[in-house]
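Each of the next two complexes has chain A plus one other chain: chain B in the first, chain C in the second.
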Partner chain A sequence: MASSIHFLDLKGKPLLARNYRGDIPPSAIEKFPQLLLDAEDESSVVPPCITHDNINYLYISHNNLYVVALTRHNSNAAEILLYLHKLVEVLTDYFKSLEEESIRDNFVLIYELLDEMMDYGYPQTTETKILQEYITQESRKLQDSQGRPPIAVTNAVSWRSEGIRYRKNEVFLDVVESVNLTVSSSGRVIRSDILGAVKMKCYLSGMPELRLGLNDKIMFDATGRNPRGKSVELEDVRFHQCVRLSRFENDRTISFIPPDGEFELMSYRISSSPAKPPIWVECQVIMHPGSRVEYSVKAMSRFKRRSTANNVEIMIPVPDDADSPRFRTTVGSVVYAPGKAALLWKIKQFGGGKEFAMRAELGLPSVKEQDSDNKAKRPIQVKFEIPYYTTSGIQVRYLKIIEPKLQYPSLPWVRYITVSGDDYTIRMP
Partner chain B sequence: MDRTIKAADLRPGLAALRDKRDKKHVKKCIITLKRIIACMTLPNNDMLQLFPDIIDLLDVSVPEIYKLCLLYIINYAKNEPNRAIEALPYLVDGTKHSSSITRSLNLRTISYINLPEYTEKALKVIPRAFADSDPLVRKTAALAVAKIWDRASVEITNSGMLDGLNALLDDSNITVVATALCSLIDITERTDGLQLNLDYDNAKIAVKTLPECNEWYQTYVLQALTFYVPQSSKDASSIASIIVPRLQHSNTGVVLGAVRVILYLTRYITDESTVHSLMKRCGSPLLSLLSKPPELQYVALCATVILIEQHPYVFNSEDVKLFFCKFNDPPYVKTTKLDIMYTLTDEDNYQSVLPELKEYATEIDHEFARRAVRAIGSVAIRVEPAADRCCTLLMELVSTKVEYIVQEGAIAIQNIFRRYPSRYESTLSQLFQDTDSLDDPRAKMSLIWIIGQYADRLDNGCDLLEDFLFSFLDESLEVQLALLTATMKMFLFRPAKAKDLIIKVIKWATEDCDHPDLRERGYMYKRMLTGNVETVKKIVLGPLPVITGTTQKFSSQTLDDLSLNIGMLSSLYLKTAQEVFAKSKPRKVADPNNHNTDSLHNLTSRLRHDSLPSHSDDSFTGHGSDSSRTPHISTPEERSNVLELRDVLNDDLLGLKSPQRSDLLDDDDDNDRETNQHLL
Partner chain C sequence: MSLERRIRNALQLPKKGEAYELQAGLVSQYAFERKDAIQRVIAQMTLGKDVSGLFPDVLKNIATHDIEQKKLVYLYLINYAKSHPDLCILAVNTFVQDSENQNPLVRALAIRTMGCIRVDKIIPYLMEPLRRGLKDESPYVRKTAAIGVSKLHDLDPQTCIEDGFLSSLQELITDPNAMVIANAVSALAEIQETNPSSEALVINSETISTLLTALNECSEWGRISLLSSLAHYKASSVAEAEHICERVTPQFQHANTSVVLSAIRAILAHIDSVNQELQASLVSKMAPSLVSFASTPPEVQYVAFRSINLILQKYPTLLSKHLPVFFCKYNDPPYLKVEKLNLLVQIVDFDNYEALLQELKEYAVEVDIDFVRRAIQAIAQMAIKIDTATTKCIEALLDIASVGQDYAVEEVVSVMKDIVRRYPSTETTVGYLMKFFPRLEAPEPRLSIAFISGEFCDTNPECLSIIASMIESFDQESPVVQMQILTAAVKAKLKDADNGNQLNLDGLFKKIEKGNHNPDLRDRAFMYSRIISAGIEIAKLIIASDHLHIDTITPDLPVRLRNEFLRDLACLSAVYQKPVYSFLESKEVDVDKVFLQAQQEQKELAVESSDNGNIGNLLDIDFSDPMPADEPTGPKGSAFDDLLSLGSLSTTLPPVNGKALDTLTSSSSPVGSGTTTSGTQSNPFGSDLFGLGTQEPKVREPASHDLVDLL
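Let's look at the complex of A and B:
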C-alpha cells in the first residue's frame, strides 16, 4: 500500500500529489530530488526504491516526469510499482500522452482518478474502459444516470460492463512475436528468445464467451490428439485477468469474457529451442587510428523466400569523434547520425533468403581523444517487422464466440507479425 | 495554469451561482472551481480564504460542483478545521443520498479527514454502510474502518464495528470480501496483540475467491493467505495447488504474491517431491517477468535471488542465459542479474557464462566491471572445472592494465591461489608485469601477499618486493603490514637474498612508523628472528585455512524472513523486515509439529471469532488472551526474540564464505594469534 502518490517534473518540482494515509508529512517529497542525486553520486546502481528517514520512495520515470509513491511500511513493492505503471497507462489513455503539460491541463480529472483508482493506498479499479464510464472530462454521465457505478466496479467480471452493443460484431486478433537476440563479437548466438503476445480488439455485444484454440504442444500431448502440421511448445504463458486460469491449468483451454476494445489477451515466451534469427548481420571494422575507419557490413535474411521484412533498420555504432562519412550500399539508404554516433542503414523491403552489403568509411581526428578506450561499448542494433510470419510457428486454430442471449454471428480476424524485440543486438568486434 | 491568479478574483465566479441560484451560472461556477483546484498545488495558501464560499456551495445540488468542493475540503481541512466541521453535516447527509457513487464518495471523505468530529461521525456512518445495498458502499465502508483505526481503535472495538467488518467476509460480493480481508490485514499489521488467523476452511474459501477477484484484490487475498497456518502437510499442499494457476497471471503483483504463498506453504509440506515440483512451477513465471518494465524486473530479480538460495534447483542449468544482461538494462537490473548469473553458474553452463562475465568486465561502468571480475574469481572458487578458464580469463583481464580491473583481478587470483594451492603458480610471473601503476591498497595487498606466500617459486620475488618497498613509508597501514609480513616470509624462504630487506623493513616499522600495530608486529618479528628458524617458519608459514566457495548470502533466519516477504519492500533491500522497518511485526513460520492437536477443535476459527477479539471479549487487553487461544502463534515478545536482528552477510552479494576483502588481514591475524600463543 502507498501512503501518497506524487507527480514531479524532471527537476523534482512537485506538480500534483494525493495523500492517502496521512502518515507522511508533505515535506517528505521535497527531499526526493536530493536523495536521488545523493544515491547517484554514491553508486552507479540506484534501484527504483530509496529509503530515508524511515520513508520509502518508490518511483518510475515517464517522459519528463517522475511518478513517486511514498510509504512507511513494508508494503507490497510489486503492487506499488505496477500500480504506478498502470496509473501512467490510464492517464495516457485519458489524455493521449502524459507529460507536464497534460497534468497541468487536467488537475481536476487526475485528482478524481487518483481518488477512484486508489483508496487508503490500496489500488482499486484500474481498467480505463470501466473508469471512463463514470469519470469523464465532462462528468455529464454522473448526472444522467442515477449515479450508480458501473456494475463492473464490484462485479466478478470487473473488466467489462454489461449492455455493450455493436451493429457488426467483430474480433481482431494480432499475434505479435518479438525476437530478442544477442550475438557475441565472435558471431556466436549468446541468447535468443521469442516473446509472443496475442493482442485483441474486441467489438462484441453483450457478454460473449470466447474460447481460443492454439497449436499448443502440451495440449495436443495431453489429449493425445494428432495435430495436422506443427505444434508449438509455449514455455511460459501468462494471461489477462479475464482468462480463467484454473481452467487453463486443468485442460489448457483458454476461455474468457473479453474486455471491450483493445487489450493483450496473453503473452508467452519461447527460449528453449533457439529459432533461426530472422535477420543476421556481420560487421568488419578496420581501424586506421588517427586517420580513418572502414566498415564492411553484411546483412542476411534467414526466413522463407515468400516473406518480406519491412522497415529494416541497422544501427552501427561509430566513434563519436568520426567525421566526413562516405557510404556505398547495394540496397537501401545510409545516413550518418552524429547525435547517436552511429550509421543508420535503412532497407524498406528485405526479401527472404537475400543478402545485402554496405561499406562505409569515416574520417578520424589525427589527435586521439584521451581515454577513448574508455567509451561505453555499444552493439549493432537491428529493427524490423515481418508481416504474416511467426518465428515460432504458432497458429490460431479457432476462436469460438458465443453470446448465449444474443446469439449473433461474428467475424474473427487473425494477423501474424514478427518484429525485432527491444534487444536485438550484435556486439561489435 | 495561471500562476498570478488570486483567490479574490475567483470569488465572484462562485458567488454568482450562490446568489442567483440560476442554472446558467453552473458552468461558470464549475470552471471557477476547477481553477481553484488547480491552484491548490501552489505552495501559497491563497485559496484558503475561499473556504466559506466553498461551504456555501455544498447545498447546490449539482453533483459535479459537490465533487469539486470535496476535493477542496480534503485538501484544506487540516488548515481550517473549524470551517471543515461546518461542511460535515452536508457530508453526513450525502451518505444517505440515492446515488451509491455519492454515498461512497461521502463515506470515503468523512473517514479520510483526520479531525475528531469527522472520526466521530464516521463511527456512526460506517455501520449503516455495512448494510448498504450497493457493494461499492460496503467495500468503501470496509476500508473506512482501517482508515479511522489509529484514531479510534477503542471505540471501534467497543462498538462492535470489528464484528461488522468480520461479517463482511461472508458477503455475497467477492470484492467486498477481499476488501474486508485487506482492511483486516491493514489493521492487524499495525496493532500489537491483534493477529489475523485463518484456518483451513477460511483459507479454502479465500483461495476459491481468487478467480473472481479483480487483479488487485487477488494480491490482498494472497497476502492474507500467509496468515494461514496449515495443520498438516496435506492441507498445505492442497491450498498450494489451488494457487498454482495464479502464477500465470499477467499482473506482477499477483505472480509474486502467489510465489510468496507457495514458498510459505512448502515449509509445511513434508513430501520432498511435492515441494520440488511446486517450486519448479515458480521458476518459469519469474523468468517471464524479465520482459516487464525494469522496476518490475527488479522486484522479480530480488525474488529470484531469495528463491534460488532456498531452492537452487528452481531453474535449469541453461536458464542462466536468460539472466544475461541486455545492453540497455539499467545498472540496478544488471547488477542483480550478475549476482544471479554467478549463483547459477555450475559445471554444465560455465562455458557460456564466463565469456559473458568477461564481456561485462570490460564495460564502461567501473562498479559493474569490478563486480564482474569478482564474479569470475568466485566462480573459479566454487566450480572447480571452471577454475582453469577463470584463471586464464583473469590473467587476460589483468594484462589489459586497466587499473581497477588489475586491482580486482589480483584479489580474485589471490583467492584462487589459496583455493587451489600449487596449481596455478606457473602463471605467477605474468601477474607482476608493470605493477607500478597500481594505487588501490587492496590490490597492492593482494599482490604483496602473493609475493610473500609464493616467495620460493617467484624467481624475481625479491626484486618485486623491493619495488613495492620503495614507497614503504608513504603507504597506508594495511599495505605496510602486508609488506612487513611478506618480507618476513621472503626472508624465511630466501634468507640470503632477503636478509638486508627484512632488516630494513623492521627498522622502518619499529623506528619510523607511529602506528602501534605496525611497530608491535615489527618488534615481534625482530624477536622471532633471534630464535630457531624452523620454529619461526612453522609460525609464519603455517598452513592456511582452506577457503571454499559458497553462494550462501543470508543466514537462515534472514532467509526465512525474506522468503515471507517476496515482492515486499524489504525484499528489495534484501534485509529482514525488522531491519528496514522497526515497526513491522515479526513473522515466523510456525513449526507445524509443535501444535497441540487437542486444541485444534477449539480452533475451528471462523475468522471473525478468532482473529480479532470481539467487543464482548473482556480480556481484550493484549496478546494474552489471543495467544492462549492460538497456541501455534507465539506472542509478539517471543517472536521478536526468535527473530533478532541479524546481519546480512555483506552488501555485495558475491561474497565468499570468508569475505574476500579481509582475507589478507585474516591471514595476518592468524599468524599473530599463533605467535601470541607461542610467546605465552
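Let's look at the complex of A and C:
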C-alpha cells in the first residue's frame, strides 16, 4: 500500500500530490531530490526504491516527471511500481500526454482520478474505459443517472459495461511480433527472442463470449491432434484479465468476454527457437586516427521472398567529433545525424532474400581528444516492419464469437506483422 | 476552456488581496462563481500555498448537488481538517446526509472522505454511516466501507473492535462480490498487522475456498491482496496445500507482473508441504514466468530481479537454460545492469560459463566505472564458483588489466586475492600481478597486493621487495592496508623468506607502538610480537600456516532469513533484503521503549554513533566491538588473553572499508585474518545488514581516543 502519491518535475519541485493515509509528514517529499542526489554521488547505481528515515520512496520517471509513492510499511514494491505505471497510462489516456503542463491544466480531474483509483493506499479501479464512464471532464448533477458507478466497477466482469450496441459487429485482431536480437562484435547471435502480442479492436454488441484458437503446440500435444502445418511452442503466455485463466490452465482454451474497443488480449514469448533474424547487418570499420574513418555496411534480409520489410532504418554509431560525411549506397538514402552521432541508412522497401551495401567515409579531427577511447560503445540499431509475416509462424485458427441473447453475425479480421523490438542491436566490432 | 484559462491567469499573476478575492468568490450568490473560487483555492493548495485560512468559507459550499464541486470541497477538507478540527463538525451533517443519498457514488464518497478526516471528534459521527455502508446493497459502497473500517481502526482501535465493526468486516469475507472480499481481506490484513492480538484475519479451511473462488473473479489489484494473505496462511494438510497450489498456478498467466509475483509468493509458501511430483511441476512452471519479467518496465524488472535472486538461492539451477536473457542491454539503467550481473553469477554453471565470460569481457571495457568494477568482480566470482573455468577467467582478468584503465587494474588486483585463496595453484600469476603495484592507489587493491605478497613471499622474490617498500610508505597507507602489511611482514619473517635480513620487523613494531593510534593495529602488533617471543615454531603454526581456503564469495542468505524474505517476496524487505525492523520503526510500544533505552545506553558509550549503529549493537551483530572505554586493562593483557582463547580459531573480520555495504566479496577478503586458519566466512549479510561497514569507523573513534588517554 502507498501512503501518498506525488508528481514532481525533474528538479524535484512538487506539482501535485495526494495523501491517502496521513502518516507521512509533508516534509518527507521535499527530501526526495536530495536523496536522489546523495545516492547518485555515492555510485551510479540508484535503484527505484530508496529508504530514508523510516520512509520508503518508490519512483518511476516519465516525460520529465517523477511519479513517487511514499510508504511507511513493508509494502509490495512490485504492486506500487506497477500501479504508478498504470496511473501514468490512465492519465495519458485521459490527456493524450502526461507532462507538467497537462498536470497543471487538469488538476481537478487528476484529483478525482487519484481519489477513485486508490483508497487508503490500496489500488482500486485502473481500467481507463470504465473510469471514463463516470469520471469525465463535464460536470454533472447529483441526481443524474450518468454519475452512478458503472456496475462493471465491482462486477466480476469489471472491464466491460452492459448495453453496448453496434450496428456492424466487427473484431480486428493484430498479431504483432517484436523481434529482439543481440549480436556480439564477432558476429555471433548472443540472444534472440520474440515478444508477441495479440491486440484486439473489438466492436461487438452486448456481452459476447469469444474463443480464440491458435496453433499452440502444447494444446495440440495435449489433445493428441496432429494438425496440418506447423505448430508453435509458446514459452510464456500472459493474458489480459478478461481471459479465464483456470480454463486455460485446464485445456489451454482462450475464452473471454472482451473489453470494448482496443486492448491487448495476450502476450507471449518465444526464446528457445533459433529464430532467424529477419534483417542481418554486418559492418566493417577502418579507422585512420587523426584523418578519417571508413565504414562498409552490408544488410541482408533473411525472410521469405514474397514478403517485404518496410521502413527499414539502420543506425550506425560514428565518433561524435566526425565531420564531412560522404556515402555511397546501392539502395535507399543515408543521412548523417550529428545530434545522435550516427549515420541513418533508410530503405523504404526491402524485399526478402536480398542484400544491399553501403559505404561511408567521415573525416576525423587531426587532434585527438584526450579520452576519446572512453566513450560508451554503442551498438548498431535496426528498425523495420514486415507486414503479413510472423517470425514464429503463429496463426490464428479461429475466433468464435457468441452472444447468447443477440446472436448477431460478426466478422473477425486478422492481420500479422513482425516488427523490430526495442533491442535489435548488433555490436560494433 | 475559458475557466481553465482564468485559473491559469490567476496562477501567473498573483494579485494583491487575492485571499480576499477568493473569499468573496466563495460566498458569492452565484453558483458558478463559488465553484470557480473553489477551484482556484484547490489550485493554490496544489501549488503548496497555505489556504487553510479560507476553511469556514470553503466549508459553506459543502452542501451542493454538483458532484465535482463536492469532491473538491471534500479534498480541501481532507487536507486542512487537522488545522481546524473544531470546524469539521460543521461538515458532519452533510456527510451523514450524503451517506444516505440514493446514488451509491455519493454514499461511497462520503464514507471514504469521512475516514480520511483524521480528527477524533468526527469518529462518533462516522460510526453510523460506516455501519450502514457495510450492509449497503451496492457492492461499490460495501467495498469502500470495508477499507473504512481499517481507517477507523487506525484512528480508534478500541471503538472499532468494541462496537462490532471488526466482526462486520470479517463477515464481508463471505460477501457475494469478489471486489468486496478483496478489500475486506486487505483491511483485515492491515488490522491484523498493526494489532496482532485482534485476530482480525482468521483464515481457515472454509474461508480458503471463498478466497480461492474470489481470486478468479476480482480485479488484478484485489488478486494481489488475496494472494498475499494466502502466502501467510499455513495449510492444515497436504491435500489443502496441493489444492491451494493448483488453484493459484493459473495466475502465472496474468498480464499484471505483480499478480504473477504474488502468485509465486503464495506457491512458495506452500510448496514445501506438497508431494515431490507436484513440487517439481510447480517449479518448472515458475521458470518461464520469471524469464518474462525481463520484458517489463525497468523499475518493475528491478523488483522482479531482486525476487529472482531470492528464488535462485532456493532453486539454484532453475534458470540455467535461460542465461542470455539476463545479459545487459546497452541502454539498461545502471541499477538493472548490476542486478543482472548478480543474477548471471547465480545462474552460471559448467555448461554455459563460456558465453557469460565472453559477455563479461565486453562489459569490462564499458564506460561506467561502477559497472566495469562489478563485471570484473563477476568474473572472479565465476572463477571461484566453477573450477574448470578458472584458467580462462584468470586469463580474461589479466587481459583486462593489461589494457584497462587504472580503476580496472585496481579491481582486477583486488579480486585476485580471492582467486588465489580459492586455488593456491594459481600462484603463477602472482609475479605478473606484482607488476601493477606502482599503479595502485586505492586501499582495496593495495591490501590485496599486501596479502598476496605475504602469502607467496617464499616462492616469489618480488613479493619481498613489495612488502619492504610498503613498510617504507607505512604511515601513508590507510588503516586496513596497514593491518595487512603488518601481517604480511610477519608472515615473511616467519617463513624466513628474506634469510633474516632484509625486513626490519622490529622497526615496524616500534613504529606502530610509538606513532600509531589505531587500537586494532596496536593490538595486533602486540599480539604478533608476543606470539613470536613465545617461539618461532608456534608462531609459524598460528600465523603462517596453510593458505586460507575459501569455497565461495557469492553470499547466500541464511536459510531462515531467506525463507522469511521469500514469504514477503516483492515486498520492500525482500527487495532490500533487510529485515523489516532494520528500516522501519516498529509500531509496538514496548519495542519502542527497548530501542529508546538502548539508544540511551549507546549514547553514553559512544556519543557520535548514530541510530543504525545502535540497532546493530543492540542485536549483537558480530563485528569487532568498540573497546569499552571504561575498561582499565591495557591492550597488552587483553591481546594476550585473546590469543589464548582463540587458539587457532577465527577472529572476527572487520569489514574491509566503508564499502562493505554493497560489495559481495568484501567480507571474505583476507583482511584481519592473520590468525585465521580455516576460511570461515563471517556472514557477509550480518555486516551488511545494518550498514555497519560505514558505521564502524564512527563507532570506534571515541573508544580509540579514550585508549590513548589511558596510555
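Heads up, the rule we're going with is that the second predicted complex is superposed on the first by the 422 of 429 C-alpha atoms of A that agree within 3 Å, B and C clash if a C-alpha of one lies under 4 Å from a C-alpha of the other, contacts with A are read in each partner's own complex, and residues count from 1 in each chain.
Throughout what follows, a residue touches a chain if its C-beta (ideal position, glycine included) is under 8 Å from a C-beta of that chain, and two chains touch if they have at least 3 such contacts.
Just so we're clear, the structure is a prediction, and the values are computed from it rather than from any experiment.
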- Fit or clash between chain C and chain B when superposed on chain A: clash
- Message: Quick check for you: in the superposed arrangement, does A:R104 touch first (chain B), second (chain C), both or neither?
- Response: both
- Message: In the overlaid three-chain picture, which partner chain does A:W413 touch, first (chain B) or second (chain C), both, or neither?
- Response: neither
- Now for A:A77: first (chain B), second (chain C), both, or neither, which partner does it touch? both
- Classify the contacts of A:Y398 with the two partner chains as first (chain B alone), second (chain C alone), both, or neither. neither
- Task: Return first, second, both or neither, reflecting whether A:Y388 touches chain B, chain C, both chains, or no partner chain.
- Result: neither
- Note on the structure: chain A residues contacting chain B in one complex and chain C in the other 1, 14-17, 22, 43-49, 51, 54, 56, 58, 60, 71-79, 81-85, 104, 107-108, 111-112, 115, 119-120, 122-126, 134, 139, 142-143, 147-149, 153-154, 156, 158, 182, 184, 190-191, 193, 195, 235-241, 244-246, 248-249, 264, 266-267, 269, 271-272, 374-379, 423, 425, 427
- For chain C, which residues count as touching chain A in their complex? 4, 8, 11, 39, 42-43, 46, 48, 65-72, 75, 78-79, 101, 103-106, 108, 112, 115-116, 118, 138-140, 143-144, 147, 150-151, 154, 177-180, 183, 186, 190, 193, 216-221, 224-225, 228, 247, 249-251, 253-258, 260-262, 288-289, 291-292, 295, 297-300, 302-304, 307, 321-322, 324-325, 327, 329-331, 334-335, 338, 355, 358-359, 362, 365-371, 405, 568, 570-573, 575-576, 580, 583-585, 662
- In the complex, go through chain A and note every residue touching chain B. 1, 14-17, 22, 43-49, 51, 54, 56, 58, 60, 71-79, 81-85, 104, 107-108, 111-112, 115, 119-120, 122-126, 134, 139, 142-143, 146-149, 153-156, 158-159, 180, 182, 184, 190-191, 193, 195, 235-241, 244-246, 248-249, 264, 266-267, 269, 271-272, 374-379, 422-423, 425, 427
- What residues on chain B touch chain A, complex-wise? 1, 33-34, 37-38, 41, 62-64, 67-68, 71, 97-102, 104, 108, 112, 114, 134-136, 139-140, 143, 146-147, 173-176, 182, 186, 189-190, 211-216, 219-220, 223, 242, 244-246, 248-253, 255-257, 284-285, 287-288, 291, 293-296, 298-300, 318, 321-322, 324, 326-328, 331-332, 335, 352, 355-356, 359, 362-368, 565, 567-573, 577, 580-584
- Note on the structure: chain A contacts chain C in the complex at 1, 14-17, 19-22, 43-49, 51, 54, 56, 58-60, 71-79, 81-85, 104-105, 107-108, 111-112, 115, 119-120, 122-126, 134, 139-143, 147-149, 153-154, 156, 158, 182, 184-185, 190-191, 193, 195, 235-241, 243-246, 248-249, 264, 266-267, 269, 271-272, 374-379, 423, 425, 427
